[in-house]
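The same subunit A turns up in both complexes below, where it pairs with subunit B and then with subunit C.
Coming up: the complex of A and B.
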């Protein structure tokens, strides 16, 4: 890619945070993601929906190179973050993951105190120069995670002792503590009860003010509630990608329509 | 069910297709019987195991407990100046020139005096016969005392001297008058004297600290033999094993489990490690002989070499258990750490390793315990059969100077002819088992302490 096209592309994708072009993912011989191109906007919530095994989680994990940890996984095509190829040889996935945070399906706090859970990321990235700054980051992150009021009196209690919903919000707070630009969420509510789900969804809506959020979800209602853009995946293909309202009211592809009306998947 | 209901069908009025849950049908009865049988087999198997364990432990304790008691003869010995320091200068060099032969008459006199005091007639014409009741090491004990305290020459000092192994055996019931008929060391007459001395309180059994702290003795002095020095040899070996096997084993497992790419080379290594865990330990012994002694010219019979050989033997055990405990750390923890931007190494050292710690420590201690009880590899590097008669001078000497190990010492005693050593071998096994039990208890405590939920 020469400089000229780079600039052109940057102009063309104003407000585009992540731009994926012709992405192919293989697990050994299995072709898991087939030629997917997606533009993810900044400061929006983008939802990936689709039946189980359609590749939406796989694609999400490509965006911060979590698939690197799987030996047999191979990714082709370009994924640009602010116009820079994240699969470039010079990119260190560790640095990338500080910019592109991730929240997982099952709440997975470290078996450490609530404070240490949040402080771990800032510590390893050297975001705080002293204890006071670190305390500040921890408080700010917990507030953003909408969990501060519940845990402020027991910051040194183990994070694993919280309820499922609290654990997931702790994980979200942990992810935002490193000041990422993009937040990836892989079915963040699938292990939570409806009340906790509502809390997390509310939180996602707030996070949209400062981050670009990409969420994978099995619940179409959830996608409709929280996202502005929705992508429908089916059998490794990106079938349709448009504004959420359009996908849920007037889908173009018959497969999308079948899925959201509950006929496939 | 169906048979019964067919017979009573009309009266009961129950349709044959419907069955009562209050009545067991044929199939359920059969399954229950099978289950009961299986349970009985299990209980029988455990019972057999327990019986063997009880037999084993009780026989070890019954046979070995004697080694912790020893017969002593308490004598007031007059340290005659005329015998020990003729010049009267208290010159330590001159005192050292007096050999144990010079001390024997003193013991003889003291014994005669004690017998006289107790009113026991001396049936022996020669004093030498009388001395046979005492260990031949008794004179050496006396000499050591005098060299350490030359100013006591001329005084009368009370000594607790070791009785000979025959006298000890008589008091423990191992030696009888009949068994002495063909014995050239002691005669039944001696035993009469011993009986009288025992009544007078001169000869008595007491706790045998020397067995736990002492060094092995020559074949003719079983009463003096102790396991202390070889215990130290085992300790030095365990230090070498711990210092080598733990870091190498843990580093190898972390690399293989977390960093190594999955390909045929790592598969090959994996298979080989599993195989090495099952290799007979004597193979490691001959490897140690070839590599450490013949090639690297490390000293023979040294705990350093023994420790290195046992390290080789223990490594597969540690690697396998460490990998298993690394594997048992849930992948979600790794993902969480990678997700906040931790590097692979930070993930492993900050999150995975602490969670795997209890398993690693348990595996290491079990490996150490296995190494502690191992004898076969020590055969080939000369640690079996070597008799260290003194404690090593320092820490470096402890690693480099020839020594034995506890299991090797036990084997050495078990093969000696004198039945007095038989008891020592069993006693040694008790000490070894106490060590192993202590290590296993430490493993359990560590596991409990480090265990964390996630």
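Coming up: the complex of A and C.
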């Protein structure tokens, strides 16, 4: 009986891509994230929602140690990726970020050609043996980013010349090109118009086949549309974390209910 | 009355105008300042402005124009037999001015009265001795016609000054009265004063621009007169520079100088660009906040050192050091402490803060989103700098390097002290060479006639230099502007 539970738990653990326990984040003296524990499943879209300044972006940036680039930021607690502590001293943050890719709020293509934008990651990590293979990676990534048909004739035009929505899909394709296991998205649609947003959302749904996707969003409709699990943050606390349908239809915490019905936030 | 006292009177009038205008404005609304269109001080300033500005403009114009008009009138009375060309007439006129000033001094010291001065005659009085007694030494005896011209000049100046005093005072009073009369609660004094301020700003801007135009025009005209005396093709394509050529043969070819300028600048840039750029990358990407706050001002101190001090450094430290290695005791490539290498190395050090400070600003202007994007893909810091930050900042960095290059080309003191004065076309960087700027100095500090080609060549050299640095600056600004368009 006892053994059975262990095996069952181990099986459950296998599906967990990232598990965070008692995470605290400080910016100088400010306590930005208070004791957050989350289990993020593989091949699932997890949405973080909450009012501005509630810490959801900060928490997202902890998951690939992007906060390391901010001097005054301090992270405590355990974050495990496939059971390994990513804040362990032996872990190279650079290697980690290759596994946990990130897409930012504002599209930030490099001032290079479209081709070089996509090839940047694979070149750094030596993923291609020759030019033909690199071409293949670029095409595959652009197809996954649902932008191939729009740019295939001008791969050597600068990436900064694309429209906002195209730029963001280019950035997603760029993140996908390094074959990450987890894709973090920090409000990827906030700078986009509704049509581009729809394209990106469709793309997120496709990416779910191969990756675990974590998305921070201000739009509750978007969270409801694209995610399977939703976490609600408020003032640095994780208030509620459950299946998306449950959060949006039958939340347990009164604060969650207030937020999704528009009474706070 | 002298111009100085006239100015004081106008100033006093303006000060009185300020007080009166202000109180008239207040009394026009029975002391209730809320009824005024503008704050009371604006009414005061308006009166002061109208009393002061037109009068001072008249005064300034008069002070400049009157001596010119008088001397051109007086010079027509000098007998044509005394001079052959305009140069000699100029010399006579300066004699006339000196005698006239001497007579003024004599009157001021009480040696003569104004009447005696106007009756003065070279046959009855030794004017030279009289003026010598009051402390004005003359080079030769005074010619009767010169004395006559000087007397005439004095008379015209005196009446002109009187006339000027009257006109200026009338202008001041008219402005004062006009502004005072229009001072009333409804008058828009604030707008009037601000119009005046705007005119002041426009005047300041035009002075800067007009001066530039004036300098360029003087360069152009002197260059043209130089090419009138010396063939342009020999200047532009001549391979020898020897202004005091023997047997009347002069060689004023610019190429050796241009080559020296470019060679030294290249050495300087080879030193300054890598060091400055690496320093900028360290400061903007790697250094902690405290290191940066400490190191950046220190580096910029280099930019504040006068170039003559760099010249000393080149002459006393760098030159001898190079001779130790490359001189007769070492490799034997170098003859003396002065060489292209000496000047180039020191100039490079001078340019480091220039390159690093500009590049640092440009690298900092690369959006953080670029770096985040690169880190987010698992790039290390150096990969990010090399492949994302520097390419994004490249146009700006090129602009910074071009600006540094135009400074290197225009640099004089380091070259004079570090590179020597021999104009030479040579490839050996341990040879002494010289630059365009250094030769301009030596051409104009000699005792040669100012109208000779040896002196006028300085303007042609200056023109060449100006076109060179102007071209570089325009190119740099063009590139920098193009870069700015990318992120805004």
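We adopt the following convention: the second predicted complex is superposed on the first by the 253 of 265 C-alpha atoms of A that agree within 3 Å, B and C clash if a C-alpha of one lies under 4 Å from a C-alpha of the other, contacts with A are read in each partner's own complex, and residues count from 1 in each chain.
Quick note on the criterion: a residue touches a chain if its C-beta (ideal position, glycine included) is under 8 Å from a C-beta of that chain, and two chains touch if they have at least 3 such contacts.
Here the structure is a predicted model, which is why all the values come from computation and not from measurement.
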Item checked: subunit B versus subunit C as contact partner of A:106, first or second or both or neither -> both
Check: Between subunit B (first) and subunit C (second), which, if any, makes contact with A:171: first, second, both or neither?
Finding: both
Note to self: Quick check on the superposed pair: does A:147 touch subunit B, subunit C, both, or neither? Answer first, second, both or neither.
What the structure shows: neither
Notebook entry, point to check: Of the two partner chains, subunit B (first) and subunit C (second), which one does A:207 touch, if any: first, second, both, or neither?
Noted result: neither
Note to self: Residues of subunit A that sit at the subunit B interface in one complex and at the subunit C interface in the other, please.
What the structure shows: 64, 66, 69, 71, 94-95, 97-98, 101-104, 106, 108-111, 120-121, 124-125, 160, 171, 174-175, 178
Notebook entry, point to check: Where on subunit A is subunit C touching in the complex?
Noted result: 64, 66, 69, 71, 94-99, 101-104, 106, 108-112, 120-121, 124-125, 160, 171, 174-175, 178
Check: Which part of subunit B faces subunit A closely enough to touch in the complex?
Finding: 261-262, 330, 332-343, 346, 350-351, 355, 452-454
Next item on the list: In the complex, go through subunit A and note every residue touching subunit B.
Entry: 64, 66, 69, 71-72, 94-95, 97-98, 101-104, 106, 108-111, 120-121, 124-125, 160, 171, 174-175, 177-178
Notebook entry, point to check: Given the complex with subunit A, which residues does subunit C contribute to the contact?
Noted result: 288-289, 367, 369-380, 383, 387-388, 391-392, 486
